[in-house]
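Down below are the structures I want you to see.
Each of the two complexes below includes chain A, the first together with chain B, the second together with chain C.
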Partner chain A sequence: MNQHALLFFLRGQGLKFAVIVFTFGLIYRLLHPVLLGRKKNLAAPRGGEWGPGMRTIWHRSLFPVRLTPRGHFIIIAGYIFHLGFLITLLFLSQHIELVKNTFGIYWPALPPGAISIAAVLSIAALAALFVHRITDPVKRLISDFQDYLVWVLTLLPLLTGLALDMAADYQRMLIVHIISVELLLIAIPFTKLAHMLTTFSSRWYNGAIAGYKGVKA
Partner chain B sequence: MNLQRGIHSMIEQIDGPMASFFSSCVHCGLCADACLFYTETQEPKYTPIYKLAPMRRIWQQQFTFWGRLLFKLGLSKPVTDEELAEWEPLVYDSCTLCGRCSLACPVGNDITYMVRKMREGMAASGHAPEGIKEATRRAIELGSPMGVTINTLKAHIKHAEKETGIAFPLDLVGADYLLVLSSAEIAVFSEIIPAVARIFHQAGISWTMASDGFEATNSGIQIGSSDLAAELVNRIVKSAEHLKVRYVISPECGHAYTALRWEGPNLIGRPFPFEVVHIIELLDQLQSSGRLKTTGTTDARMTFHDPCQMVRRGGVIDQPRNLLNKIASNFVEMPESGIQNWCCGGGGGVSANPRADELRLKVFSRKKSQLDAIAVKTMVTSCSNCRSMLEEGIEHYHMDTNVIGLTELIAEHLAEPSEEPKP
Partner chain C sequence: MKDHETLSERLAEQGISRRAFLKFCTALASLMALPPESAAAMAQALAKSLRPSVIWLSFQECTGCTESLTRSYTPTLESLIFDMISLDYHHTLQAASGFAAEKSREDAMKNFYGKYLLVVDGSIPINGGGVYSTIAGRTNLDLLQETAKGAAAIIAVGTCSSFGGIPNARPNPTGAVAVSDIVRDKPIVNISGCPPIPSVITGVLAHYLTFGTLPDLDDLNRPRSYYGTTIHDRCYRRPFYDQGKFAKTFDDEGAKNGWCLFELGCKGPTTHNACATTKWNGGTSFPIESGHGCLGCSEPHFWDAGSFYTPLSAPVVNIEATTLGAAIAGAGVAVAMSSLDRNKIHRAQQAHEIMSVKDL
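Moving on to the complex of A and B:
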């Protein structure tokens, strides 16, 4: 298979496969807790579940009030990584173009310079979090193979995307970039990256369990 | 055999929230900073989510694609007896089920809910601390984890009747309220008995105690045995039904409240035909409706220690403050009070586990620094277990603070008792 054919495959069938695994895998990950269900609570409620659950989804996205220095680091680096990643993913003109060609919907892009800054900040945050993971005694103890695997899988699309601008062989780098994206898409439902959706169900359950007792979690 | 029972029990405990929580954890380590066992020792093994590690592997091996595959291929290590034995001190000695980590987790995991469920498997596999096992055995066989009997209670009642001149209703069919007490209240803090009698007499409420269901402490939920917990709750339910009461008053005991108010109907598998009200909740209701009248204020600088199960895990938050503000002119909050309060260190069965004593007293340094920040001499609380733990900690650190129960403080400030019970 030559480079052209490979690129054609990756942009066509390959991407389709990755998106299908990503979509159905994530739907399964989110449905799984719902299907497992929970026993009906027979205690008389003091408050509601739905509202407090939604409140906790929102509330845990905000910057926590009480943090230790290591807590500050984790939260700030976490914010920078997630925001940088999302900005790069959603506001790069080429990414919007892809969505436009596939689904017909589009939105304004950010200038390439701004995207580069977002990507670099996101990579820097990932690097800092990696160093923290191997040096902080708590994180080192609770980390497993998957933590390092998903770190690599998340970093690669950012790095290869950034490298496109300076690549001698643009097409080859594009192939590497698309492969890294498809690997990430396929890995998400099978790893803790599924937290991109299950975070919302977890926060909801947490808020609902507390809300039932009249506690704002 | 026991191991298989334990593993099976853990699998059974994995419901929707558990699956969601295990799926969401990104190993950020923020829960460590919310746990006094970590903050006061700086030992990474006390990180709350780490206490779930064996159960997390069981979830992976049973409920996830790769986990199941690797387990079938023999590439994922099965959970062993040795491992559960190693985890026992983490799951019991260093977790009071206080719920602070559940408020801190950025992805929303209710880690306390998870530990409570893991304990079901630990208890089923035989890996629970001897102290809590013994307390549970005494509760089932003798009727109380501290071994108090109806005769102990009757002796206190006799004293209380003599002291207050108020007749103590025992086994009164048709009363509105059934009062239950905690072991520690009967065994150690028996001042509560004349105190409630005086308050209820003044408020004119119709109440009783039951000779076959007077003890609310529930070791079953602490050790993590729903069957035993249900049996203990059932004693109260049977008495309440027999006496046809409308309300059961949960005493100043955190886990008794959780056991009765929130777990109770789920343990016995049906809704209660009566309401469960925490004594502090009731006193607040009586005061706001004008039936409980206090007089005078205390000028002493006072603070309130929020029992975890009453506040974070129970939802009784403002009521003690409403009551205290009426009688304490110099009430101050500790830093991080209310739902963010730090645990006394002895909840969740830790106080019944002598193996954990040294660790519990070490981590009391958190409460000490909270108290040092406001320099108060009097700490009020509304959980007899917290009260014992606070007193021990204060003694251990040679601090000059005394601890009093809120109900007794209210009783000390009762306005002249009315002669006629109100309708």
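Moving on to the complex of A and C:
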């Protein structure tokens, strides 16, 4: 298979497969625990569930004020990584073109320079978090193979995307970039990366439990 | 024209000055990214060289490649090609026809066995024993195999002979293939493009006559000096790509301002060719300069690589329905599995036995 045929496959059937696994897996992971239901709570409710649940989703996205210096580092690096990743993903014109050609919706793009800065900051944050993970004794002890795997799978699309316009061979780098993205899509439902959706359902649940008991989440 | 004449004798006969010839060699050397000294060496070698016999076979093609070579501009570098070679067989250009035409091919093969150059344009159909294209009652496949045997080297001109081209596009009813799919024991240079740039053909021939070897080739057997960089790398609109300025339609402000055509499906980033530097029609322009994205015609399977107007970052298949289908399936399976799991929990609860004092 030459490079052109490989690129065609990755933009066609390869992408289709990755999208099927990603969508099917993520929807399943989100809905299965919800549909499984909960044991009936026999205690009398002291407050609502929906309101406190939604509030908790929002509150936990805000910067917590009372933190140790180490806590500050993890939160700030986490913010930088996530924001950089989302900006790169959602505001690069080539990515918007993908959505436009698939679903017909589109929005304004950011200049490539801004995207590059976001991607570099995101990569730097990932690198810093990796160093922290392997130097902090507790973090290192509780990290398993999957933690390192998802780190690599998240880093690769950012790195290869950034290298795309600097690469001597654009096509080869584009192939590597698309492979890295498709691997990430396939891995998301099977790993901790599923938190891209489940983080919201679990936050809601935490808030809802507290709301039912009439306490602040 | 006498076959044993050297090029310098031939040029002198035509009244072409040595100065003009040197300019031609300098241009060729520069096009092929050879060092400046090689222009003189090339002039010397070309002037002395005997014109090699060239057999040009046209198979499943549209004659666009020959048109590209012969109808470029005048006075042409390409017109000189016919002074450098002895074109002994070419359907479109030769005066002879019928048996006489075929005899000239057979004579050239006999007289210059092992020395002649074979130029091929067009793909070779192999389905049904190759019956989809025949010349003088013989299949293209048969002719190619016979003629390739005595060739010193083969030059595949155009995307059809290089990679199968348009006849090879799905569903490829004739089983069209490239020269390199059939001939495996001869050096082959692919000069791809639909059509290829005329001076690339001249350049490769001049290189062969000067150095007696074929030029340095890339992984698809194309001369690196012409196919070493992409259209995107050399495009004059590249600064707009880097600034994120894209034409969204063919008649919007961006298009009028000459912004990058990436979002209109330009295949420049994945296409290796010299269009952006050598240009067409006597250096007038190339497709992107005329406001249309590159189609990627010098690359394999360019016809089957999705729409010409789909950006490179977009899918070549419709994944909207797939995404919706996968979401519905995921929800359906979640409903089914959660129902099964609830039953399991319920059965486990039913199976609980109440412990009494007696059990203790």
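One rule holds in what follows: the second predicted complex is superposed on the first by the 217 of 217 C-alpha atoms of A that agree within 3 Å, B and C clash if a C-alpha of one lies under 4 Å from a C-alpha of the other, contacts with A are read in each partner's own complex, and residues count from 1 in each chain.
Convention: a residue touches a chain if its C-beta (ideal position, glycine included) is under 8 Å from a C-beta of that chain, and two chains touch if they have at least 3 such contacts.
Not measured: the values here are computed from a predicted model.
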Which of chain B and chain C A:L36 touches, first, second, both or neither: both
Contacts of A:R11 with chain B and chain C, given as first, second, both or neither: second
Partner chain in contact with A:T56 - chain B first, chain C second, else both or neither: first
Chain B versus chain C as contact partner of A:I27, first or second or both or neither: second
Touching partner for A:D147 - first (chain B), second (chain C), both, neither: first
Of chain C and chain B, partner touching more chain A residues: B
Chain B versus chain C as contact partner of A:H72, first or second or both or neither: neither
Chain B and chain C footprints on chain A, overlapping residues: 32, 35-37
Contacting residues of chain C [partner chain A, same complex]: 220, 230, 232-233, 242-244, 246, 262-263, 269-270, 299-302, 304-306, 310-320, 322-323, 325-327, 329-331, 333-335, 337-339, 341-342
Chain B residues within the chain A interface of the complex: 14-21, 23-30, 32-33, 38-39, 42, 44-45, 47, 49-50, 63-66, 102-110, 113, 261-266, 269-272, 275-276, 311-315, 317, 336, 339-340
In the complex with chain C, residue positions of chain A that touch it: 2, 4-5, 7-8, 11-13, 15-16, 19-28, 30-32, 35-37, 93-95, 97-98, 100-103, 109-113, 165, 170-171, 174
Complex contacts: residues of chain A adjacent to chain B: 29, 32-39, 41-44, 46-47, 56-57, 60, 64, 66-68, 70-71, 74-75, 78, 133, 136-144, 147, 190, 192, 194-195, 198-199, 201-207, 209-210, 213-217
